[in-house]
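Chains here go by letter, A, B, C and D, matching the order in which they are written, and residues are numbered from 1 within each.
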Amino acid sequence: MSKPVFLALGAGAGIGGSVGRKFAKEGYHSVLVRRSDGEGLNKLVDEIEKDGGQATGRLLNAVAENAIEDLVADIEKNIGPIETALFNLGAQIGNRSLENTALKTFALGWQMATFALFRLAKAVIPLMEKRGGGAILVTSATAAVRGNAGQHSHAAAMGGRRMLCQTLNAEYACKGIHVAHILVDGAVDAPDTLGKMLGEELFQKLREEKGMQNDGLLLPEKMAETYYHISRQHRSAWTHELDLRCFSDLAWWNHDNPF
Amino acid sequence: MSKPVFLALGAGAGIGGSVGRKFAKEGYHSVLVRRSDGEGLNKLVDEIEKDGGQATGRLLNAVAENAIEDLVADIEKNIGPIETALFNLGAQIGNRSLENTALKTFALGWQMATFALFRLAKAVIPLMEKRGGGAILVTSATAAVRGNAGQHSHAAAMGGRRMLCQTLNAEYACKGIHVAHILVDGAVDAPDTLGKMLGEELFQKLREEKGMQNDGLLLPEKMAETYYHISRQHRSAWTHELDLRCFSDLAWWNHDNPF
Amino acid sequence: MSKPVFLALGAGAGIGGSVGRKFAKEGYHSVLVRRSDGEGLNKLVDEIEKDGGQATGRLLNAVAENAIEDLVADIEKNIGPIETALFNLGAQIGNRSLENTALKTFALGWQMATFALFRLAKAVIPLMEKRGGGAILVTSATAAVRGNAGQHSHAAAMGGRRMLCQTLNAEYACKGIHVAHILVDGAVDAPDTLGKMLGEELFQKLREEKGMQNDGLLLPEKMAETYYHISRQHRSAWTHELDLRCFSDLAWWNHDNPF
Amino acid sequence: MSKPVFLALGAGAGIGGSVGRKFAKEGYHSVLVRRSDGEGLNKLVDEIEKDGGQATGRLLNAVAENAIEDLVADIEKNIGPIETALFNLGAQIGNRSLENTALKTFALGWQMATFALFRLAKAVIPLMEKRGGGAILVTSATAAVRGNAGQHSHAAAMGGRRMLCQTLNAEYACKGIHVAHILVDGAVDAPDTLGKMLGEELFQKLREEKGMQNDGLLLPEKMAETYYHISRQHRSAWTHELDLRCFSDLAWWNHDNPF
């Protein structure tokens, strides 16, 4: 008998890969999709299979026309019905002043962080609806709830993402489709995104200084436990929005300074 | 070897009792505290013990001077160190116009819903801090984030509760103490609170009409799964705030009407 | 001596026109820009001039490439430096199910409601910065803070708009540029948008039934008073976000129903 | 003919006094109430009268039993019907750890910042309702929307205050009573509160360093313009919540640091 299918759109070595691994461990066939680094992707699939799980890797440029739509159709036809989807595409490009944020950059942020989710929803939700249920887990960022200087592209895109999660939830919860907006409030211990952005030395320094036992960043394999839990909540007690942050970090709404 | 202790302040037949039952099942000694109905409390303790769990019941008027402080001291001395506490005192009194909300009523709402949490925190957090960790799960209500007409006492008290959760989290997360604000957005299938408020017939009607399979209200035993999960999150990925609602309910921020 | 210039992007017979009229009355040269209805636009300009004010009308398809950029350059060259700009483009298309919201529709909503503001900001803020100050008033909607069913396009676009206002404010407030996000929470008494959407009869009915004296909808000329006030606040006491709603309406966060 | 009455509860040399002065200038009889410093109060009243305004000063311990209730009754009997009331009692006590926040301190914060507003509302709203209208302006603080470490008493009290403003608005807006929650997000240039807390030297330093022209703190006389505007909004376009902050300050939701 075939396993339920879990789709991770944006499956690098951080959250996406770890959540994919968790779902595979729990009995799902994990379809792991990322834009580049086929080698890293193969390694991830191999590891999952070595642990007795089932996984498939795909390279995909999600913003290409029909890419997401074709992917969903292909999985549904050749692997099985998607029970749970993780939307994990990021659009963080670091801080850029208004002047240094090109129109194109701003538009690309929206294509990745907002429009791609809309496209995934359009492609997969009608199928879930016919089957009477499903879940879409959406990784989000602090920028979805407040806009800092330099975050024009990222915050506008994430703000749109959050509202889209609410409209999808408002329309589909009563039809048994669980949409969860998971607000990641802090730096994730992800070597191939944050690690690359910071450089190895600085990355390791950050890891150590904030935690007591090398756990000063959000650990993706621990986050995965909560992603999985949310997807398995009974429909009488669903969570739509939750935050995740490291114990050693201040919440985004807190400041060190006066009052 | 003694089990870790779980304290539920406000342990009726709804959330408090169900979460207590869950923690007992997972290996905790559940200390269940409620204001009245010793018979119901004994029944709950008996059931937990019959299932192989450990539980202790206490009747307590939480607003009485030193009641919470003495309770904590007594548990720590005679049962064991409190690892996780659930603050589950409610203060919903139904809708009352400003005119019909007496000063005393307003003050009592605050004593139950805000001040009692502050007292619990003052009593138990220093002990947790010495031990290097602990968790406080706080049940909250939609009234903590928006105030409807007639909810003067309840909303003011819950709004205070939510801010207090944030100040506690800001001060103690980095010391390993996890404070979670769990926003229950909807009616809970709790016979001895909602059931009594509505009457049996109306209560059963509500249960049925909103769900497809008698799950049209928040089911406490399902909510308990999430309470437990939150308490067990790894400290590198803690949730401070999340909502819980039935799939068939609109979120508090949604309306049926135009746009 | 030339008057300071006020630019209204989205200047129909509702908010945009009324705010334009107010600024003209207070001594600004109002540049009123809308997509269509040249006749209505001319009438508005004529009325302002008859009242002794100064105004210029322009028809513009704001989503066309370079349209906003050229407009700003043209005004600055031929009329004068823009001191205050109102971004008042809407993107409400009524409620549409996910299935009935085409990718193109979703993208157009973003182009109108989010991207056009980014383009206006890119065009005008650097000029304001050189001059040491300026103000951008942004009309927004409840959909910027919560997403109802059927509002996929509108809410995602407005959520992006709100975050963009925050990033602009975070980057430019300290440089003397005041960005205000004005959340219009209710139906506006605007014959050529709401009126057209509802039809004359229904529109008049709504006007009457909710108010005591034909003021049951948000009256644009009254809203204009607050738009103007915000633009004139002293920089030591700026408002970034405020709501506007009719006294007879419930706030978006309130419900009639239980608690 | 007698002037409309404006009541300022909490009328020191900062916001309360400045708003009182503004209302007097605009034709109100300002009743200025503060706990202590009769000399300062007399000076304020004298200045208002010298400028041709009308004012009355009162010393009052607002938390004393019946103090607020008797005050309202007395004003209504001897001065005139209160048209607009400003609730401006603060409860900021600086940062105090949980351990150093006594139960009494926490309770006093609530009495000042939450309960006193409830008492004022109970006393004055029924009178306003009979007269068909009125306004209550409520000064609030960032602590009403987020709780920082050490702010246990203040944040819990302010969070309650904010929810109370919402419940009052939800119940009374449709009856013509305008309740506004004014979130002051930053340090106010008030010599007798902030000035005393910081000491003269530090206070002057803060004033200068953050502003370009000695306007680096929120200037109460400028804030007063907005308080007055809000109270005069037409009922078809009321604001319930707005923020006020100095241009040189970051909004509470912004951080300097990464993203």
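The rule is short, and it goes like this: a contact is a pair of C-beta atoms (placed from the backbone, for glycine too) under 8 Å apart; a residue touches a chain by one contact, two chains touch by 3 or more.
Remember, predicted model here, so these are calculated numbers, not experimental data.
*Asks:* Where the centre means the average of the CA atoms, what chain is farthest from chain C?
*Replies:* B
*Asks:* If more than half of the interface residue numbers appear on both sides, call it same; otherwise different. Which is it for chain A and chain B?
*Replies:* Copies use mostly the same positions to touch.
*Asks:* How many angstrom lie between the CA centroids of chain A and chain B, rounded to a whole number?
*Replies:* The computed centroid separation for chain A versus chain B comes out at 31 Å.
*Asks:* Can you give the whole-Å distance between the Cα centres of chain A and chain D?
*Replies:* 44
*Asks:* Please output the residue numbers of chain D that touch at least 2 other chains, ranges allowed.
*Replies:* 143, 146-151, 166, 169-170, 253-254
*Asks:* Help me check something: in the complex, which residues belonging to chain D touch chain C?
*Replies:* Its residues touching chain C are 166, 169-170, 173-174, 176, 178, 189, 211, 215-219, 222-223, 225-226, 229, 233-251, 253-254.
*Asks:* Quick one: in the complex, what on chain D touches chain A?
*Replies:* 92, 94-95, 141-143, 145-151, 154, 187, 252-255, 258-259
*Asks:* Which chain D residues qualify as touching chain B in the complex?
*Replies:* The contact residues of chain D facing chain B are 97-99, 101, 103, 106-107, 110, 114-115, 118-119, 121-122, 125-126, 143-144, 146-152, 155-172.
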